[in-house]
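Across the two complexes that follow, chain A remains constant while its partner is chain B and subsequently chain C.
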Partner chain A sequence: MKPGTRLKSTVCTTEVMVIRAGQGTIECGGKPMAEAAQPEGEPDAAHAGGTLIGKRYIDAAETFELLCVKPGKGSLAVDGVPMSTKDAKPLPASD
Partner chain B sequence: MGKVMEGVRVLEVAQFTFVPAAGAILADWGADVIKIEHPKRGDTQRGFLNMGGVQLDPLRHTLMEHPNRGKRSVGLDFTSAQGQELLYELARQCDVFLTNYLPHQRQKYKFDLEHIRAANPDIIYARGSAWGDKGPERDVGGFDGTAFWSRSGIADCFSPPELDGPLSQGMQAFGDSIGGMFIAGGISAALYHREKTGEAKELDVSLLSTANWASGANLAQAMETGVITRNTMPQSGSASKNPFMGNFRTSDGRTINLCLVSPTGLIADTFAHVGRPEAANDPRFADVLSLVENARAASDILVEAFAQKPFAYWREHLRTMKGQWAPILTLLELVEEEQVKANDHVIEVEAADGGKPLKLVRGPVQWDHEPLETTRAPQAAEHTELVLMEMGIEWDRIEQLKSDGAIA
Partner chain C sequence: MNIGVILEMAGEAAPQRVGLVCQGRRWTYGELLAAARGAAQMIRESGAEHVALLDESSAASVIALFGAAIAGVPYVPLNYRLADADLAGLLERIAPALIVGDVARAARLHSHAGNTMLSREAFVEQAIAAQWDGTSDAGEGVAVQLFTSGTTGTPKAAILRHGNLASYVFGALEFGSAPDDAAGLVTVPPYHIAGIMALLSSTYSLRRIVLLPAFTPESWLDLLEKERVTTAFVVPTMLARIVQTLGDAHRADLSSLRDISYGGGKMPLELIVRALDLFPGASFTNAYGLTETSSTIALLGPDDHRAARSSADPAVRARLGSVGRPLPGIELEIRDDDGNRLGANEAGEIYVRGAQVSGEYKERSALTADGWFPTRDAGYLDSEGYLFLAGRADDVIVRGGENISPGEIEDVLVSHPAVADACAVGIPSLEWGEAVAVAVVVAERQDHPDPDELCTLVRDRLRSSRMPEQVIFCEELPYNEMGKLLRREVKKLFAG
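Now for the complex of A and B:
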């Protein structure tokens, strides 16, 4: 999978940009994502946590990194294993 | 569309509110503002999740949104040599470099004036600091609570002497937001100057200089007369020589402010509006000079009159009054005001959590009567690859920088 490729969910409105990809199938809502897709149906209930715009999603080994450019109801996975968001870890602070 | 800064590119290496707010104003005005954030932690302000006792959702982080809307975020580690080299490459393609890092940090991480100018001699270099870029404390940090509010004399002036101690700022990022606009104004003038003469300026705004300008009228008077004018304790009635200056309590405990600095020609109208038209015929209040002499008596009449009717009555009834007045409102009452809506003070941006839009406040300048359209603040490092590709960095190098931890 070429970095910079845009993938669409086949079951929701999610769109991602591939930043990094290893071996495996990128899925959204339990179904493989595709470069051209018209979403139909519903995300699999086990993969329906939703995606957040502007967030980066990584697998545990960080061989995959996706940037969500359009959010949707499905959640992202590689070969069925859910991806997690790569979040900034700011220092604790309070006013 | 009021995008007067279209075509201007700003490289922002800054955190918190004061200096980022300058970037936000420029972004509101159409500049392409690239915010550099630490690849792992992001802007330290992202960790400010407890503000004024309210817990904030990191995806609906209003204190991040206010000074960062309309920008793009690049995760770049300027503590590494690779990160610094990349920063210079970005600086070459930018018009303005904007920072609030302390002098020793700018030196240590090599993005001080000489380093950035070596990359781009034509770049405008804008610094925001707590205390100013000269003097023995130039390398000391501060927030608006310290520099703008506490040390500046503002806390002292706002706090009536009868209180046990000075009031705290009581308004998040108050000095920061004012000062950010000052920096944006300075940058605008520097851009104009560069356009006319080709010369790129460096400029400084500090939170202390922001405070001193904001309190400049009072400060000048204090220096001239030796007398510091301070706040007085809240009361219903005027504490001044002018009885039409002050706060007046309504029957339901709310407050109307009268501010008739120059009461000439307004005495009868004012007494009539508070339901005491007969007072205008009282020789004690016949003209401004006698009104001032009998200020206490006039104020007492107003106090008694305002206490007869509720706030809602006065808000409606005083609409036709010629003198200047205002209701004391809360922030949430304010945003429901027709006048605020008519002037587009509140803007909406898409929220990062996909929920209801976030409401933010537009900058104080409006162009061509048009409302502001902008985008939400970026997630940390949201646009790294997009910006770098746009700036001509090849993908192989992006990958390399990423695996080396220089970018995120």
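Now for the complex of A and C:
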């Protein structure tokens, strides 16, 4: 999947932009995300932690990195394994 | 990675928050996003291959930047200070274009049936009224095209792809990290890379942009006070004039100012030391970057400034004259003329690599086969990885096979009480290939120093090979509007 691809959740309002992607299925709320989707139903209870706008999400191996551009109730996973937020060390304002 | 998403996110997260203040008008992120989307629609329907701005900064420059991105058409802000003939050449190279700003001048200089011309006001009005069709470009192409200043020959068209700019913004910044009261004073011209990055970074951080289209130290200080500005970026010449104006007892409440960043040219050590004293409550950051690297690639942060200012160790104190360390996403090496990597404290050419580095011109890519960009800037890294600049690689004076950095000679000359400014260049020499020549500006209320005295000073502080063979005095040195010393112009002074 190309960097810059926008993916939507099929179960909530979450939308992400792919920064980096490897092999595997990106999911939100327990369901695969898609480039075009109208959300229906509810996130799986096991994947309902929610997403936060502007947060970057990575898998354990950091082969996947997603930027949340719209928040929602579902949480992100790759092949069922939850992703975690990447905490950037902020740089001093320079521009 | 369309950079339009930056404004989309701001509009999504904080639609009611004020994102831009310009000429007394306040724009929320929601309003800016709606206008940029409308502009995208206009741009697509115009059939333009470039969106050009021929104007100072205004709401139109913000809307044009993001609107062009959403439409997937390169944004080309032009230097309105260029002479007519030069500007006409650039307009010809970007036709058919949608041109925003000084349409009378653009039409006079170059006509093309495919061009669409809109004044600043008309562009903004139509953008607000236009209906966006809901689609955004994928962002795989060129986001911004900037013509280099072209001190030799035709200006090059430097290309920055969405991926380059987005890599910096997403990699170096945290979305929405600015506090509610944060406001950044932006006074860099819109056609400069620092002016573009200021808009992208401020929007991504949700830091209100306060635009000052035409810089004067008085208007800068007044706007700072009025808008309770917290962050500002200045080039050295601006800081020098601000410091001078404050010295002239111009009264302004500067208590809101928390962060001052600077870059764009060599900052004289005395000036930054004075500024540190004048703004004791502010944190200072020095940023180093180039157009071709999406701006900032190295930073000297507030902690570095404080450590350098208070340290007894000369090596640490010297870092106040450095540009700090490379960003986490940047690889940086110093190489010799044969491309061999040099060690600490060895001067050579600065090479960089990273996702934000474009190194690409419309005509060709300047990257090496393995993705390194030769910056043509000279410099060295100290033992802890702090980068010191030593001018442009092309400015190095080669005397009898020895490489001499003009900066080291200039630093010695300006330490003389009667010298306000100095520039060292290489001039042809039968004996040495090149010899050192210096142009010196005498400080106010000082007598002309004896040229022999200046030569002796350089010889004693450095060594005899650095000693100038010619010394001339001039009223002032030629700088461009960003404070860059035009060495080629200085060279001409010795031509006869």
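Here is the rule we use: the second predicted complex is superposed on the first by the 88 of 95 C-alpha atoms of A that agree within 3 Å, B and C clash if a C-alpha of one lies under 4 Å from a C-alpha of the other, contacts with A are read in each partner's own complex, and residues count from 1 in each chain.
Rule of thumb we're sticking to: contacts are C-beta pairs under 8 Å (C-beta built on N, C-alpha and C of every residue); 3 or more make two chains touch, one makes a residue touch a chain.
Remember, predicted model here, so these are calculated numbers, not experimental data.
By the document's definition of touching, of the two partners only chain B reaches A:20; chain C does not.
By the document's definition of touching, of the two partners only chain C reaches A:70; chain B does not.
In the superposition on chain A, contact is made by A:3 with both chain B and chain C. In the superposition on chain A, A:50 makes contact with chain B only, not with chain C. In the superposition on chain A, A:91 makes contact with both chain B and chain C. In the superposition on the C-alpha atoms of chain A, the part of chain A touched by chain B in one complex and by chain C in the other spans residues 3-4, 17, 19, 53-56, 67, 88-95. Interface residues of chain C facing chain A in the complex, by the touch rule stated above, are 1-2, 5, 8-9, 12-13, 138-140, 162-163, 166, 170-177, 184, 194, 197-198, 201, 205, 207, 231, 233, 259, 261, 263, 283, 285, 287, 295-296, 299, 301-302, 327-328. Residues 2-5, 17, 19, 53-56, 67, 69-70, 88-95 of chain A touch chain C in their complex. Touching chain B in their complex are the following residues of chain A: 3-4, 17, 19-20, 50, 52-56, 67, 71, 86-95.
By the touch criterion given at the top, residues 37-38, 40-52, 58-59, 172, 350, 352-354, 378-382, 385, 389, 395, 399, 402, 408 of chain B touch chain A in their complex.
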